[in-house]
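Before we start, here is the structure in question, set down as structure tokens.
Chains: A, B, C and D, in written order; residue numbering restarts at 1 for each.
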Amino acid sequence: MPDENKGPEAVSPEQGAKPPAEPTASKPDATVAKPAVPAAASAAKPPDAGKPAAAKPAAPAKPAGPVPEPWDSELVSNLKRQYGSGIKEASTYVGQSYLVVDNAIVYEVLRRMRDDEQYDYCVDITAAHWPKREQQFDIIYILYSFQHNDRVRIKTQTGEGQHLQSAVNIWPTANWLEREVFDMFGIVFDGHPDLKRILLPDGWQGHPLRKDYNILQQDTEWVKINLGIESGQ
Amino acid sequence: MSNGNYNRPDLLDLDTKQETFLDTTEMVLNMGPQHPSTHGVLRVILKLDGEKVLGTECIIGYLHRGVEKIAENRTYAMFNPYVDRMDYVAAVSNGLGYCEAVEKLLAVEAPARAQYIRVIMTELCRIASHQVWLGTHALDIGALTPVFYAFRDREEILKIFEKYCGARLTTHAFRIGGCIYEIYDGFEQDVKNFCQKFLPKLDEYEELLTTNRIWVARTKGVGVLSAEDCIALGVTGPVLRASGVEWDLRKKQPYEAYSKFQFDIPTGLNGDTYDRYLVRIQEMRQAVRILLQAVESIPAGPIMAKVPKVIKPAPGEVYHSIEAPKGELGYYIVSDGSTQPYRVRVRPPSFVNLQALDKMVRGMLVADVVAVIGTLDIVLGEVDR
Amino acid sequence: MGGAYGGDTVSLGPILRKVFLVDLVKGLGVTFRNQSEEQRVTEQYPLERPEVYERFRGQPRLKVNPDNGESLCIVCNLCALACPEQLIVVKGERNPITKRKYPVQWTYDLSRCMFCGLCAEACSTDALELTQDYEMALYSREGMVLDQAALERGQEPVRYAR
Amino acid sequence: MLESIKQYLSTNVTPGEAGSMFWATIYVLAITIGVSLAVLSMNWLERKILAHMQIRLGPMRVGPHGLLQPIADALKLLIKEDVIPAGADKIVFWIAPVFVMMTAFTTFIVVPFGRTAAVTDMNIGILFMLGVSSLGVLGVIMGGWASNSHYPLMGSLRSGAQMVSYEIAMGLAIISAVLMTSLGATGTGTLSMVGIVQAQADQRTWFVFSMFPLGLAAFVVFAIAMVAETNRAPFDLPEAESELVAGFMTEYSGFRWSLFFLAEYAAMLAVSSIAVTLWLGGWLRPFPNWLSGPAWDLAFSFVPGLTFLGLAAMCFIGTVRMPKILQLRIQTIGLGTFGAVLAAVGLLLLVPGVRERSQDVFWFTAKVAVFMYLYIWYRGTFPRYRFDQLMKVGWKILLPVSLGVLIVTAIVGVRQELWAALTGVTR
């Protein structure tokens, strides 16, 4: 199933899957980040941040967007048979399938996906931060199968301080992708050959893509020591 | 990006050895971030035995601007110009990928006319990007002249861009839901003229390089990457196709109007630098082919789909990827139902392709490192984002 | 694609071509041909200025009504909201007689502008426009924040010489 | 005084042969200034020609069509900060460029610009040239080593290996040319540069055409090897810009860098002079055998002057075509003046007395100029070889070819004696 745009079919605001459940959790947090937006020197900018925020309360009823549908396929039933409740969810959203997998078995699932299901190309590994949740991080593995011409996302959740098994042994490409996830989110992958920062300097404090990391924030100490300036802004 | 790499024991264990007369030791050579041919601010630390490369380490991040963080603090429409600044030699492709991803999230589709315009612009952009690659790659291998010829012809494309959307490099050509600019009078003729003028020029580049024995010697068998290696390393784009995998998202998962055009996917056999060169040259010819088809048949109609002024997708997430000139360019967007994306992840082809550098240059010579960096066609703006 | 050279049979052609450096001579021919004067594409910038097309997004300009010199801006703030860099600040007051808002403060920080054109697109009265002027380089950052007057008459032209 | 000048000018020997210290000094000075001027103009020409091949204009701002650019560059280099890296071996770092430049200039002592227009005519002239020019690599290695940096070190070691390898092929090609001097009725075989040209004059053919295609093959081998010898594209690995930044010159700046630069171009001129002397008939005018006779001699003697007049005409055309802008007025006047100077030189060269004496130097310079153009042309066209491929070309192609050419030349040259000997044996 290619990335065909199926369009909205069911039009009821049902709260089955995880992503729709999120906005309530993340909304305060999003507004925390918002004051940072006007990175400007200009002090005056009052109505701009307020406007979208003000529009928000009225909104939830309006967008009757597409909703995830259960994803039934041989692959899913195979996996469910083997891992049981480890496969928490299998859905399709706007024609794109994803699995939510328990973080204990994600390595096995990935290996299986490559070895048995021919999902041999790891497109991307990334993460998202949901600070209000107990297990704060989503790790998303995007897989592609040359044979089926199909893309699948494997998602798992992990908490602060929890380690994940690295996928470098499955796909060498996971090396830098996991390093970037570590760099940006601080998620540690066990068994990674060289887990260190990749885009930010080695000594940098903090993980910028976490939601509690303000957009204007920087490691002032690092900047001072290494660049000899007060601020990079 | 790391500082103090010279003290890394695994790279520099010279001190542990007893140095005697006529003793040989490995040499650590720091290439970049200021180096004529690391294509920007890439820094490669080479461990050498004489001129032979024993291992490399890429240090990246010198151009990190936090694009993904910026995205979380901008509205969907506002973030659009920023994606042009990632792969700045193929800005149109970046914009296309982002707009399509958001459209998918919104469950809208650009009108047919907009799709054709997008295809034309993107294919022009593919040629422009390959021109930059050709010029700089040839320059890396020591041919000084092709870069000027390539930029001369790229200029024609940039002029079309400027006429169409008012900017040459960071175009911001498309908007979510279609295009905002209607094509100008004579757009079709401009594109056709370009195509007619460009093909002989392409022959000229080939005359200069394809059969040249020095060029062949410098590229054949250099930086070989097998199809299995490519897939394991996630390498996409012309590099993957040069290894013999006929995989192009324009064909495999057609987006926009690509399913309506006839074109071939050029592939190579050996997965070496020479094949990658031939594949990219052929891709330019195929792009011309698509352009000539598309420009003949631009349908009438609106150029903008019905998209609300304030874009506010329903909560959900989407991954959409397109075939950028450098490989699979993907956008993974998570919406929380607000006007700003909750998370935007860019899957940059250059970043993933660059990871194959080490595999490709081990056992080769220093000169090959430069050739391989050129053949990977990286843009550091995209690697570091 | 790959092995286009040297077939199965050993033919004299490729060998002779190799010995007589045909490939190299062909390349030399290309560079020699291109030496002619018609081929040169360099623009001598300050002497000849490149042509800029109609849709070029260059220096911002605020339009005034040519009849009475009033600004066309109605302080709707849409441009400021649309700007990704948030470099536009507009403040206005309402004219008690005409009930029309007019700007009292209008600043545009050119130093952070990326000429995406979103502000001009958002403008409801077409008062803000990105013009074809492209010579905006300055020796200091000071002149980069344009106020209403500068936006209406255009930035002071700079002589790029010390 | 005037008498002695007149007397000297009427002699037919070089100052070295005449034993005149005074005239030798004058010649040395003239050659030094001449070569430096040639390097300056080469600088301009290279940038211009390369630019035109690359569909650019090249320098246009300093002087009309950038004519004063080399002078501006030289001034800039002289007043530039002179950086010596912290870890450098200062003395060696100092000596290296001076050494390179000295060896490059010293070779010109034996170059015969004309029958008498050489400082001296050594009987081992060609050996002297080879020997001295190969010393230059020492300076390059010194510079690379003293910089105490990786890129220069690698560049200089590449340079060392490259020069040593290509000198062998070069030497063998030269020997086959020297062998040819012993051909013919009067041929005795000589290593003297003047003698080699004289031999070509006597045989009424340039060595590049003699014993076709042997002379040509040797010449081609030399022409390739000399490009490698001078570290120019496509063999410019020691200063491979895209790999080694600037090779052995990476850490050099300002005046010292300009010495390296000067030496590089001087070496190019020197090896081109060798090629011209050995194969292209040195100072002899073209077509000595086809177009012989006093009428043709006279016709050819007008060429130098006419060439300069042609250049002057080009300048005048350029002056007329200059855009009529106020800013360009000085440039227009400058170009016109330059054209006038060239025209004056051209007219001077047409004066009977000067005409005869200046011919030799003109033809020699013109032939060297062809090589200079080729150097630039190669640079504009070819990619760069990789190090192992360079060695392969040197050892596996050029060396066997030059060796073969040498052997065949020797056999063909002595074929009569050989034939006699063979028939003698069979009898």
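Basically, contacts are C-beta pairs under 8 Å (C-beta built on N, C-alpha and C of every residue); 3 or more make two chains touch, one makes a residue touch a chain.
Keep in mind that what you see is a predicted model, and the values were worked out from it rather than measured.
Participant: More C-beta contacts across B-D or across A-B?
Facilitator: A-B is joined by more C-beta pairs in contact.
Participant: Where the centre means the average of the CA atoms, what chain is farthest from subunit A?
Facilitator: Relative to subunit A, the chain whose C-alpha centre sits farthest away is D.
Participant: Compute the distance, rounded to whole Å, between the mean C-alpha positions of subunit B and subunit D.
Facilitator: 45
Participant: I'd like to verify one number: the distance from the centre of subunit A to the centre of subunit C, where each centre is the average of its C-alpha atoms, in whole angstrom.
Facilitator: 36
Participant: Using mean C-alpha positions as chain centres, tell me how far subunit A is from subunit B in Å, no decimals.
Facilitator: 24
Participant: Using mean CA coordinates as chain centres, what's the subunit C-subunit D distance in Å?
Facilitator: It comes to 48 Å between the two C-alpha centres.
Participant: Check each residue of subunit C and list the ones that touch at least two other chains.
Facilitator: As it turns out, subunit C has residues touching two or more other chains at 24, 27, 30-31, 34, 41.
Participant: Could you say which residues in subunit D touch two or more other chains, in rising order?
Facilitator: Only 53-56, 380-382 qualify.
Participant: Counting only residues that touch at least 2 other chains, which ones in subunit B make the list?
Facilitator: Only 74, 145, 149, 152, 208-209, 212, 214 qualify.
Participant: List the residues on subunit C that touch subunit B in their complex, please.
Facilitator: Subunit C residues touching subunit B: 1-3, 5, 18, 23-24, 26-27, 29-31, 34, 41, 52-57, 82-84, 114-118, 121, 130.
Participant: Within their complex, state which residues of subunit D touch subunit C.
Facilitator: Touching subunit C from subunit D are residues 49, 52-57, 60, 323, 325, 327-328, 377-378, 380-382.
Participant: Note which residues of subunit B are touching subunit C in the complex, please.
Facilitator: Per the stated touch rule, the residues are 74, 77-82, 85, 145, 149, 152, 155, 159, 162-167, 170, 172, 180-181, 184, 204, 207-209, 211-214, 216, 266-270, 274-275, 278-279, 282.
Participant: Spell out the part of subunit B that touches subunit D in their complex, as residue ranges.
Facilitator: Going through subunit B, the ones touching subunit D are 27, 29-30, 35-37, 51, 138-145, 147-149, 152, 208-209, 212, 214-215, 217-218, 365-370.
Participant: Touching residues of subunit C toward subunit D in the complex: what are they?
Facilitator: 24, 27-28, 30-32, 34-35, 39-42, 44, 47
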